[in-house]
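To keep things clear, I will list the structure first and then write my remarks on it.
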Amino acid sequence: MSTQYNIPVGAQHISLLEPLHFKFTTENEKIIKTEANVGYVHRGIEQACCSKFKFRQVSFVVGRVCGLCSISHTTCYSQVAEKLLKLDIPKRAKYLRMLVIELDRIHSHLLCLSHVAENSGFEALFMKTMRHREFSMELLEAVCGNRIQYDFSIIGGVARDLRTDVAQSILDKFKIFRPQLDELVDIYKTNWSLSLKNKGIGVLSKEDAIRLNVVGPFARASGLGVDVRNETEELLPWKEVGFEIITDTAGDVHARNMVRLKEIYVSMKIIENIINGLPEGDLISDTKAFPEGEAVNRIEAPRGELFYYAKGNKTQVLERLKIKAPTFSNIPAMVETFTNNEYASVPAIIGSYDPCLSCTSR
Amino acid sequence: MIALIESLFLIPIAVSALLLLLPKTAARFLTILATLVLSAIAIYLFTQATDRPIQFAVSPVVNKIVMIADFSLLLFVIGAGLKQKNILVWVLAILQLLVLGYLTTKMSETQSTQFYVDKLSIFMFILVNVISGVIAVYSLKYIDEEKCSWFRKKYFISMIFWFMAAMNLLAAADNLEYFYLFFELTTLASYLFIRFRKDDESKKNALTALWMNQIGGLAILAAIVYTVLTAQYGNPSFSDLIAKGNSVAIILPFAFLCIAGLVKGAQYPFNKWLIGAMVAPTPVSALLHSSTMVKIAPFIILRISPVIKGTPVATVMIGLTAFVFVAAAIGALAQDTFKKILAHSTIALLALMILMAAVGTPVAVTAALILMLFHGLSKCLLFLNAGVLEHVFHMKQTSDMSKLGEAGPFTALVVAVGFMSLLLPPFGAFVGKWFSIETIGTVASGFKIVAPLVLVCIATGGAVLSLLYFKVLGAMISRTGESDKVKFEHIHPIYESTLIFLLCALLICTLALPWLLPYYFTQVAADTTGLALIPVIQQGTNIYIGSVHLPLIPMLIAFILLPFGIIAGLFVRFKHVDRAKEYMCGEKVEYNFSSFYFSTDKATPYFVAIGILFFVSIVLVAFFM
Amino acid sequence: MQVYLPLSVLMIRACHALQDKFQIEIMKTFFKTIGNLFKKPATIPFPAAPTYKPDDYRGLIVFDESLCIWCRRCETVCPPGAIVFSQNITDGKQTYHYSPYVCIYCQECVRTCPKQGCLIQSAEPGHPATKEHDVNNVWNKLFADSLESRVTYAAEKKKQQAAAKANPQS
Amino acid sequence: MNNSIIQILLIVLAPVLGGLIYGVERKVKARMQRRIGPPVLQPFYDFLKLMDKRKMMVHSTHAFLGILHFISLWFALAVLIMGGDFILIIFLHLLATALIILAGFSTRSIFSHLGANRSAISILAYEPVLVIIAISAYMLTGSFDVSALYASDVPVLFKMPLAFIALLMILPIKLKKSPFDISEAHQEVVGGVELEYSGIFYEAVYTAKWLDYIFCYLLVFMFAGNNWWLGLLLVALTFIYINALDNSTARVNYKQMLRFSFWVALPMAFLNLLMTMFHLI
Amino acid sequence: MALNKFRTKSPWILHYNAGSCNGCDIEILACLAPKYDIERFGMINTGNPKQSDIMLVTGPVTKRSRERLVDIYSQMPEPKVVIACGSCGCSGGVFRGMYNCEGGIDQYIPVDVYVPGCGCRPEQIIAGVVEALAILEKKTKDMEGSVKLHNDPIEQDGQTNRREVAAVI
Amino acid sequence: MNRIETSFENLKKDIAAFYKPQAHHFITMNGVDLGNDVIEYQWFFCDYAFPSDITMFVTRANVDVQVPSIKNIIVSAWLPEAELVDLLGVNIEDTQKGFVLELDSETAPLRKK
């Protein structure tokens, strides 16, 4: 009697936003093996960035690697390009970059949380989280001029200034949002049925997190405190604006939710600090040089460590650009973490990974 | 009348002997003829049955023969036990031999009649002769396809008739000593049947069946000894026992008879032998499950139900059977082999029948009878079909059956109707189950706390069984596409005719239920319980039997919806409708999904332990009351 | 009736105990959800009423031909190639083509434009097109044609120059 | 006579009424999520739209079983409205469910199979409770007929409150509402058994869902005895309860559901049976 | 028919991401959220191609996605409308000419409405869907007209069914 | 950024000696086509400390030389390796093609033409 069944999830599946294919081998509904196919979104951006686009255009192209963390991509690329150009950027630009990165993190984390809620079968919480999330989209729209593709960081600085009325509206909206967030935390933390679905589900132990080199909230929920903001200070002064690291120990879906929710508080604090202490100065510093040599750069995207490697050869076109997205590091762990869970929890687990396949396969 | 009844005993024996001698075609002819004759006699008896039971004695020579047969049978069993080094078999047989020897010295010459044919016996005659006859005809073809010598093929058919004779005798036996012999005869027959294939597993399972049924034999002997030793009872015969049972407040012999019945009915913890019997050729399983062997259990309980009704023994039995109903249903869930699923569900439904018999009110007995008849028909149909699946389509596991819809639409249809008939309205088995629930509800106050628990068990067990049937039917029905026209498979006419006969019998009996109920079942029930006939009142479109009623219109519509719906579902073809392929997330994934599987490995020891507890408590309760 | 009271008290007690012990709430969301029934929906009646849109939203690119100096710098920097200039073969007059269905609204062209006000990013988002417009294939053809027209014009011009060089008097 | 006209009207109009309930439910659900939500007649718009779709099916058996499911469910509902035997009604409903489960199994689609499996498991979860409630009702009225409950002078609710609570516990399973909507869990099995239906055949399954609403709310209505206003109030309160529950819980998995049903709902019904049996209330 | 005006009131959507950057996808998600609430128009995100009327596709169609895209499209019963969301869905956008992209959804399936924007705002998506509804209505009417021209399938041509022949052989 | 030159023979040994799971995490593996069929392979590691530092193992080899896999040291290395096999068209131990590219995709797109 064959007791093992294959259940496919994806490429098109309602619980997935992106084309991504999992093949679960299950016993009844218990998963014993997972196979993943993550190469659906491979578009060839790396090659195009090294051949078709000039290095200044690349900053807009890498933004389209991922719509959720486009600001991280553009900032990371801008920084690596600045390293190649040996360019220093104004402090105001740095602060504005951090501001948008953190705003983006808020919207991305809220999206992820709502996705977890939806995939746990809690439609009302999805609606609630999405309702509360709208403010971050409006703020981003006001700051950058678009709801998702910000194109805010460009080589040498940022593209737009932060208007004072917008800065004020950010602070105002945060005042409204904070109690809403408290309420959300309360629901995610204590709702009984949600805890049935989330607690002890999809557990990644700290040992596994270290062994599999996991990054981002995924790792932090397992107790592995890996956060680029905590590790570098050279390009963006995170500590200065009040960054603190959030970790949890359980490593399950619930812990990931909690880490994300707490990080939203940290992001809000950072944003408030930035707005209150925004230095005056230029937005952009320019140079006519061409990229030369090789450089690497890391930045903390909402999903974890984003890594760029670039090599220039004194022409308009880069010789090599390597993008390592956070989800790319997490996929080996994701595939292992499904094992021994019910198929019923799969959507929630996928949601809690917050995968970004368009980053992964580019 | 008496001659007819005797012919029911003698014809099968004669046929059985003749079959061994005759050549193939003649044997085939004789089998069909004998089946027809036996069925005709049984049905004739049914039409002629009167309210007064027929009692008759046989010449004292027969007593001697019976005695000799008893001893030789036991000696054979001891021989078999010793030869195959199964300590349980021969120890139990020697025990019986000793008890029997003691009895022969102790017992006076019996004065009473040895045979007692009431309506219940005739009900059994019909069940045994018609259904076993169909199985005999079916096995003509089936055994032809087995790999064994021609003599053993004839021997197989002749064994079926022998079995029928034993069953007929058993159903008519009044004297407990005779009853013991016929009981042991069926045990022996089943032993020989189970080891028919003569491989290691068959032999092992046959021995299991043997020793387990020996316990039943021992229990009957214990009952006889107790009766003989207790002065008040008089002769060890059913009629005497039942007549005096209510006045004598000792029910220990009945408790022993109950145990004999429960062992034959393969209730936990003795369920193993019936499951093990699946190694035999399929007609044997059909025989054991539908009409003969296991039906002895509800038969004995029904026989003694007037006495045990309302006693603590009955209460314990109700508890046991209610528990077995759930446990066996759960056990069935864990199976994948088609025949094993059927075996487990048989145990579950038998538990329900025994439960109803133990409750013993007229309506409950009616429910038990309905269940016996329809379960016999449905199970026979399903087992014969299992044989067809094995021999024609080579499918043994339910998970292999996914292509059945295309390969054999008729067989698939039979499986579908067979399973549906065990569960869903409007079929008789459903009516039986429904009556049982309502009956226990109505008599609940008599059982205090037991009744609600029993009801929970029945409700849960019923739900588990429905899950089981959906699982099996689901495995069978799954398919990708379909051909434009249904092409029925060609199976051998013997297979086809027997299956169609049973199918028709099932449908006709279901349709005839409103008439069968007042004119047959309630009368048999009245006869069995010895109580007044429960009036069957037709009021508008409802038929009231005691406290429960059968609304005809919903049943009729359900009858149209379900069987014809399923038939139409399998054979209807929509024209001008485009076909689409299944949704697979846009991927091309190898499909290998079927229904959930369940495992009862952990639970089985507990089930057995609880079963043993119940068995012990039957004796204890009877002893201390 | 005497059973209801102890029963309900028992249940409420049990709920409270659970809440205290395991830090889980069982009924809070439930009542909040019912309360939501009487609150105003958060939905904006969008097609009927406009939604929030910042003044400096990065919408469609507007081109002012009168200011253009035809440097084609916007065409060079545009990452997806949403701007292309075609050239009339006879008189060399350039025409600006722009497809909002290719544009990624990155504002790079506006930043690069040396002539202030020639290219402006309006706050108007693009409008949906239908099948009849066939925006993709039309644009592909237009793009190829424009490039070809420029090549043809350049060749033509070269030919003319060569011809002019060959016989300068005419 | 008046009653029977109402009954026949109810039977005939059951799909329409069910559609209305579904429409109101979608509206209420939307309002509970602070949305405007679709118009109340939305289910009928869906119905009209589905009629226009191209006819597609996986195979005839599958499509036919869907239609048969609708018919048999309507029939079970008719028996309930006419006040037939409670146990028979439960099993007729089981028959209807059996047909849709078989339909789910009849395709070789993984999600359809998963949904069918889960539907079968939900039967295990709710059927025993319903049967026990039916028997309690018998203990109370002395008749297995639902019409005896409809005619009861004292609302049944006061006589068997625990049965009502048990019914409220299993209603989400039957109505496929969160937290027990496992059999059609959209995010997991994409609708389960109804996944492979499309166009006019989906219409049958879609409408059968409306009938299920009527079926379940009639079970609730039954608890009010012959007091119609109380019945309507009960139905309204249950409606709010079901939707609020749907909107305040996440989906549990099938094991948790079974555990809940067997350790909470079934003992509750059992307790009620004991209470009615020994006339504690 | 008089009922025609109701028929566009229940467009059920199916969302497929054919290799986009997630930007438009999260905007489609935002459309479902209370602020935009496209269920007002009767839209449900079914996730099931067999019951959908409108297919929202995003992304420039990568090489690995195209088969799935066509597969899912073919499972949708007519009348159906395809909306390409975002610049890269309309024409490939910034991904035009990359080696693993096919440049626009209309290279593989017929697109009825193109929604521009990178990423497109929910308002634009809603406007696109409103546009799509008109097309859906037109397609429904066309289908009604075509029913009359329906020819019976091969069975009545007197020819033997091929599958049966194959079964015999 | 530390840059450690190594060779295919010493690679596994060097990385095993260097890699302390508690102190470092593996970022990714990269390959750069230097032209003339020579490919530079890079393995990036980063430590968990503040300020963190990136260590890069570098080696160069011809295209057709089989690259040793470090999957048995770092489990999660299968993903970048599988990607490089596709994108650079190189040969890495125990790694199959087909991670991101389809049959009709351009083979080894990141190589210099």
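Labels for the chains are A, B, C, D, E and F, by order of writing; each one numbers its residues from 1.
We adopt the following convention: a residue touches a chain if its C-beta (ideal position, glycine included) is under 8 Å from a C-beta of that chain, and two chains touch if they have at least 3 such contacts.
None of these values were measured; they are calculated from a predicted model.
Taking the definition of touch as given, a chain qualifies here only if it contacts subunit D and subunit F alike; those chains are A, E. The chains that touch both subunit A and subunit E are B, C, D, F. Number of steps on the shortest path from subunit B to subunit D, with steps defined by chain touch: 1.
The most central chain, judged by the distance from its Cα centroid to the centroid of all protein Cα atoms shown, is D. Across the assembly, the chain pair joined by the most C-beta contact pairs is B-D.
Placing every chain at the mean of its C-alpha atoms, the farthest one from subunit A is found to be B. Greatest centre-to-centre distance from subunit E is found for B, with centres as Cα means. Per-chain Cα centroids separate subunit C from subunit D by 47 Å.
Averaged C-alpha coordinates put the centre of subunit B at 58 Å from the centre of subunit E. The mean-CA centres of subunit B and subunit C are about 75 angstrom from one another, to the nearest whole unit. Distance between subunit B and subunit F, defined via averaged C-alpha coordinates, is recorded as 71 Å.
Shared interface positions of subunit B, defined as residues touching 2 or more other chains, are 576, 580-581, 583-584, 586-587, 589, 591, 593-594, 596.
Residues of subunit C in contact with two or more other chains: 29, 33, 41-43, 79, 104-106. Those residues of subunit A in touch with two or more other chains are numbered 5-8, 11-15, 29, 39, 42, 44, 47, 60-61, 64, 124, 127, 131, 146, 149, 191-192. Per the contact rule defined earlier, chains pair up in contact as A-B, A-C, A-D, A-E, A-F, B-D, B-E, C-D, C-E, D-E, E-F. Note for the complex: subunit B touches subunit A at residues 336, 397, 399, 584-587, 589-594, 596-597.
Contact residues on subunit F toward subunit A in their complex (touch as defined above): 1, 21-22, 25-28, 30, 32-33, 42, 44, 46, 48-52, 54, 56, 74-76, 78-80, 83, 87, 99-101, 106, 109-110.
Interface residues of subunit E facing subunit C in the complex, by the touch rule stated above, are 34-37, 40, 83, 87, 90-96, 103-104, 106-107, 110-118, 120-124, 126-128, 130-131, 135. Considering their complex, residues 32-35, 110, 114, 178-179, 181-182, 185-188, 190, 246-256 of subunit D touch subunit A.
Interface residues of subunit A facing subunit B in the complex, by the touch rule stated above, are 1-13, 21, 23, 28-29.
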